[in-house]
Amino acid sequence: MTHAEASAAPPILEVRDIGKTYGSILALQGVSASVGVGEVLCVLGDNGAGKSTFIKILSGAHAHTQGKLLAYGIERIFGSPREALDLGIATVYQDLAVVPLMPVWRNFFLGSEVTRGFGPFSQLDVKGMRRITKEELAKMGIDLRDVDQPIGTLSGGERQSVAIARAVYFGAKVVILDEPTSALGVKQAGVVLKYIAQARDRGLGVVFITHNPHHAYPVGDRFLLLKRGTSLGDFKKSEITIEEMTKLMAGGAELDALAHELARA
Amino acid sequence: MTHAEASAAPPILEVRDIGKTYGSILALQGVSASVGVGEVLCVLGDNGAGKSTFIKILSGAHAHTQGKLLAYGIERIFGSPREALDLGIATVYQDLAVVPLMPVWRNFFLGSEVTRGFGPFSQLDVKGMRRITKEELAKMGIDLRDVDQPIGTLSGGERQSVAIARAVYFGAKVVILDEPTSALGVKQAGVVLKYIAQARDRGLGVVFITHNPHHAYPVGDRFLLLKRGTSLGDFKKSEITIEEMTKLMAGGAELDALAHELARA
Amino acid sequence: ATTTTDAAASGDKITIAVVTHGSPGDTFWDVVKSGAEQAGTDLGVTVTYQGDGDPVKQSQLIDAAIATNPDGLIVSMANPDGVQNAVDKAVAAGIPVITINSGLDQSREFGAQTHIGQSEFIAGQGAGEQLANAGVSNVICVIHEAGNTGLEERCDGAADTLGGTVTNVQVDVANVADAQNTIKSSLLADASIDGVLTLNPGIAVAASQALEEAASTAVLATFDVSSDVTQLILDDKILFAVDQQPYSQGYLPVTFLTLQARNGDVVGGGLPVYSGPGFVTKDNADQVAKFAKNGTR
Amino acid sequence: MTLTASAVTDERIKPAGLIITLLRRPEVGAAVAALAIFIFFSVSTQAFLTPAGVATWLYSASLFGIMAVAVALLMIGGEFDLSAGAMVGTTGLIVGIVTTEWGVNIWLALVIALAIALAIGAANAFVVMKTGLPSFIVTLATFFILQGVNLAVTKIITGTVSIQGMSAVPGFDAVRVFFGSSFSLFGMDVKISIVWWLAITALATWILLRTRAGNWIFAVGGQITSSRQVGVPVMKVKMGLFMTTAGAGWLVGMLQLFDVSTVQATTGIGQEFIYIICAVVGGCLLTGGYGSAIGAALGALIYGMTLQGIVFAQWDNNWLKAFLGGMLLLAVLVNLYVRRQAGVRS
Amino acid sequence: MTLTASAVTDERIKPAGLIITLLRRPEVGAAVAALAIFIFFSVSTQAFLTPAGVATWLYSASLFGIMAVAVALLMIGGEFDLSAGAMVGTTGLIVGIVTTEWGVNIWLALVIALAIALAIGAANAFVVMKTGLPSFIVTLATFFILQGVNLAVTKIITGTVSIQGMSAVPGFDAVRVFFGSSFSLFGMDVKISIVWWLAITALATWILLRTRAGNWIFAVGGQITSSRQVGVPVMKVKMGLFMTTAGAGWLVGMLQLFDVSTVQATTGIGQEFIYIICAVVGGCLLTGGYGSAIGAALGALIYGMTLQGIVFAQWDNNWLKAFLGGMLLLAVLVNLYVRRQAGVRS
């Protein structure tokens, strides 16, 4: 489980013994992990295990309160998500980070607007941004009525798709995805998995959180297991099978019993 | 697909040709379905197909703009969720319907508080409500630190669990669940499925929305398939297999291709 | 710059516009308004009344009045610079202007026919003298609207003639009960205070209670009258009330301008008409009381 | 392992002492700020801590405090009432006019004024709920309307802009026992309004924390859609809150009227913001869903102490507002600091 | 099937005409309300539609409008500035005092006043962002402080509460060309401030709808956490907004000063709410994230027309506020009705 075996180049992102407290609440303690070039790190764990907290540290949304965070081998404390974004880290947050009253296309490009013209006269390339938004969503199997609809009026899954499409479109070095498929239909979820595989193949690092072992196992290279805010270990794919992983995630035998219970009494 | 075969007693909830528009947006059109005693109706469909809209009509959160809604055979237009609640219809909304700043236990009992004492002197049974909240969540496999934590500070899955536990605890006749398992871990999702089966066995009607055919198929009795706001049909379990259902939900062949794509290039 | 207009030709449809710097609800300006309106009723002319303490807004109100082309304009000039343009415009449009209350010094210069009333400063000086006569030397002057020019001038005038110290105290006329607290606090904070000068009858009533609660023997005087104030004067709770006779500041200019419109009379001969100050003391409080009750004093 | 035990021994919580737990209440920051201002003026002025001095600032605080508590409930419930200040004037004027001008029985006059106040409160609630317009703008309109009506109607009926001769009305002294009297305590001349203030704060606190209505108030202010979805009678709650504020306006109107025995047409105008300030200084969120009645009462205490303290300190009066502003900023900063220390991030 | 075509032919959208689409802009309700009020006063009064009349209400509206547009931007960005009104007085007083009392060059005085205004705006932003306190309360404190400072400093330096002799200052007439002049158009005496108002409204609209900064303003007002998460420089945006409001305060201060050539210590106090009212009547949400500059300008137009229209109509001035309140309520109701018809539910 040491990282010595990794190549000489440092991983894109690495955390050592990282932790975070919210007031008196210890949400995360002593977690170490890393994600390198062309690698998919899956973060697994029960509800409330600290996965989103972990991701918020990586993406600069929350500063960590213990341990170290290294980007390209250099220690950093992100003061804001902007700093992480500038390092090429794009994130899909569990709460999606959208502005409900704004049109879909404005949300898509928010913070990375495309402009035309120079200096004080530069103005938004509205047409171009509308078109790209529509196209990128269509690629995910979402056929929007109108990219000018406020994003708050989209369905849960449509909203999630916008957030994912945005991160994938702007992701430069690392893409971090917090339960990206939770509200998605079977088809859309499949597209997201495909995206993850593509990003990996293009040499991006991916951090992927999910509750679905069937989603995690096919694309993951390393598996970080969290429980009650602490790490149960960081496994390579070769070190674990999908069955073991599912057991670790769910507490084993219970699952088997379930199938029987569900049948009509 | 007619309901003539149902027993003489009218279904608990029934909709006929129901529809809903938001301004100029047609979210749902001409959908008919019903849920009877001890029956689980699964609503399936793509993102943006209109599932949440359908549920909001059943639960009184939005009034329908076309068609008829019948409760116990009597036509109704719900003016508010209170009216639906009074008929014993408890709902888990996709956006969970919680008040972020309020403690967990207050959210759990919101609108159905337990009081002691008489008339103007009746006051909340704080201790009792705290205890029940803790217990009900523990039953779902969620071990909360503190039921006094504002619910907004819980993790996504913990929040969802509170909403489900609440609906199950108060559900009298029908329980409506809009993607209840989306943010849940493997164990917690299993518990929810068990709850659904139990509710069904106790004679409650259940309306269950999910994107996961493996969740839907084991517990469902009828399957309503929506696409782009219209109904593709209302199937009995005997009329459809899980494979057919998955295909209908996802667009068929694509899924098979996916497994290959996900493997390393 | 006295011009006789041919407004008389318009017969009985005479309109006279009054634009003051008093805000609605101000006790003093309310009586001016009553006076102007009563004159209008008595003389059968239309009187419109507007007021705003901000010179920009007052100018706008004057502009609006000019736009309705009245037969006469009555303006109070607390801040003469501020309304100069607007008054100039009226004069240029041939509308006869009379200034009231404040702005005596600029009245002629701006082309007004006459000035009626008396500046707040002079009234304040009168109050200061009376207080000095009563042997008072350390006075708090209660300003019930922060930064109000007229009120500040009253206090300045009193300070000018008192020969002792005058300290301004700010209260809020919208909360008379709390004004009472503040006056009481002032008395408690400085036991040497031997005089209280209020600038509003309601505040005067509150002040009399504050004196009582603080067990202070300070002398109380006020500007403007009300029936409660006259009662308190009779009860020896208030020494005197300065009465600038605001009613006549409203009534007289309307009368003058009506005469001018109907008869071409230009009254005043370019000299100001003084409307006060009168003092209401125990001697004459009785007579004043019934007028105060009608809202005409 | 019992459930309660588990809550205490959970390894995922840093042990926090009773003090920290206490410090998490929304009103504690305000309490510390109040204490600081109390000490400051006690030390720096002579008269502040004398019985007469204490009675003065307590009285001042009580008049703001009663309204601040009601406004705080309303704000927790997610609404504003900018007509609250003018309502004080309206109720006072109604009682004044109907008794002095029309000779109506004074007790009846009280009831009439209360009924009208409640009706206006209900009208506010009705318009806000039916149209979905922000209460800020609806009650602002009400405020303007009341302000105009107060002035114009008073003028029409009495010929002046204030009520005269109130103390000569039959029954005035009897009513005064409830609204304008005072009693001796520790050498202080305690006004009855202080008792009202304490009673209302206690009642409001109980309602907020221990009754179903209180739960609903937090809920409608925190997330109105969610509240509606779980069956909270939103309309009733808001209606109740607006009527409570209007009722408090009536009470303060009576307390002022029977204290100074006069009321002017401009009474209460501009006071509405002071109530909101007190509530916010006391820890209420402007966005609703969070706050406390005790906090609002403490906010009023801070305001009252500062207002009178500045007078006791005999600072140049022209600076009054500047001092007030500075104190206000200090109070909210202290509040914030205390709450940060307690690990609350609002 | 091209993508645009699909958007038009989607079977899940009811066909909506161009008119309905237009009607969805936030400012349309305000435009209809403005038109209604315009027609009402044009018909019911003589002077309203005369050139002199039009010039009066346009001027009145322009002074409110410039601030209302700036305040609207700030509100869309999720903040309030209650010190905006007092800032008008502060800047005017600064220029007045340093020129008349200390003989400073008038152009330099303008720059000094602007610099101080921007510094105060930046300070507001800094405190709001660093402490996380609501801007409502921070700028309220600033408002109080400015109010006190305006009064006390003016009093100390000039001995009175207003600036006199401004028009005798060298260079006054040159500056007046920019801030206090007027020109003839269609027989109206159009004040220069109307030109400023139109220019600022156009500029603000362009910024909001067509620039990156505008996108960010909507975003920080709509959901600050999300904006931060996607990398919007929240601090910079809010800083810019507060400084813009302060700068607009300076502009209006100058427009007033060079129009009437005097300024009082109380100038601007109480106006801050009028700006907010104009913005809300023009369709801005109090909660931020939604609104328009044109709407705010229309809100100011409604307010200016009403204020002067009431004068033209010669209604009793005691009722002024009541009429204003009624008109305000009517305007927002019309606004609401129009937007409901257009299928927008805000």
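We call the chains A, B, C, D and E, going by the order they appear; numbering starts again at 1 in every chain.
We adopt the following convention: contacts are C-beta pairs under 8 Å (C-beta built on N, C-alpha and C of every residue); 3 or more make two chains touch, one makes a residue touch a chain.
Here is each chain with its UniProt name: A, B = Sugar ABC transporter ATP-binding protein; D, E = Xylose transport system permease protein XylH.
Only a predicted model underlies this, so the values are computations on that prediction, with no experimental measurement involved.
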| item | value |
| --- | --- |
| For subunit C, the least number of touch steps when starting out from subunit A | 2 |
| Shared chain contacts [subunit C and subunit E, defined touch] | D |
| Chain located farthest away, centre of subunit E as origin (C-alpha) | B |
| Subunit B-subunit D separation of Cα centroids, rounded to whole Å | 43 |
| Mean-CA-position distance for subunit E and subunit B (Å) | 48 |
| Whole-Å separation of chain centres (CA-atom averages), subunit C against subunit D | 35 |
| Per-residue multi-chain contacts in subunit A, two or more chains | 25, 95, 145 |
| For subunit D, residues contacting two or more additional chains | 12-13, 151, 155, 270, 285, 318, 320-321, 345 |
| Interface hub residues of subunit C, defined as touching at least two other chains | 24-25, 146 |
| All pairs of touching chains, each written as two labels joined by a dash | A-B, A-D, A-E, B-D, B-E, C-D, C-E, D-E |
| For the subunit B and subunit A complex, residues of the former touching the latter | 22, 25, 45-49, 51-52, 94-95, 141-142, 145, 149, 153-158, 160-161, 179, 182-190, 193-194, 197, 200-201, 211-213, 218-219, 246, 249-251, 254-255, 258-259, 261-265 |
| Contact footprint of subunit A on subunit D as seen in their complex | 11-16, 20, 342-345 |
| Subunit B-touching residues of subunit D, taken from the complex the two chains share | 3, 6-7, 10, 12-13, 206, 210-212, 214-216, 218-219, 222-223, 225-233, 285, 289-290 |
| Contacting residues of subunit E [partner subunit D, same complex] | 127, 131-134, 136-138, 140-149, 151-152, 155-156, 270, 273, 277, 280-281, 285-287, 316, 318-326, 328-329, 332-333, 336, 346 |
| List of subunit B residues in touch with subunit D within their complex | 59, 61, 80-82, 85-86, 91, 93, 95-102, 106, 109-113, 115, 122-124, 126, 131, 134-135, 138, 143, 145-147, 166 |
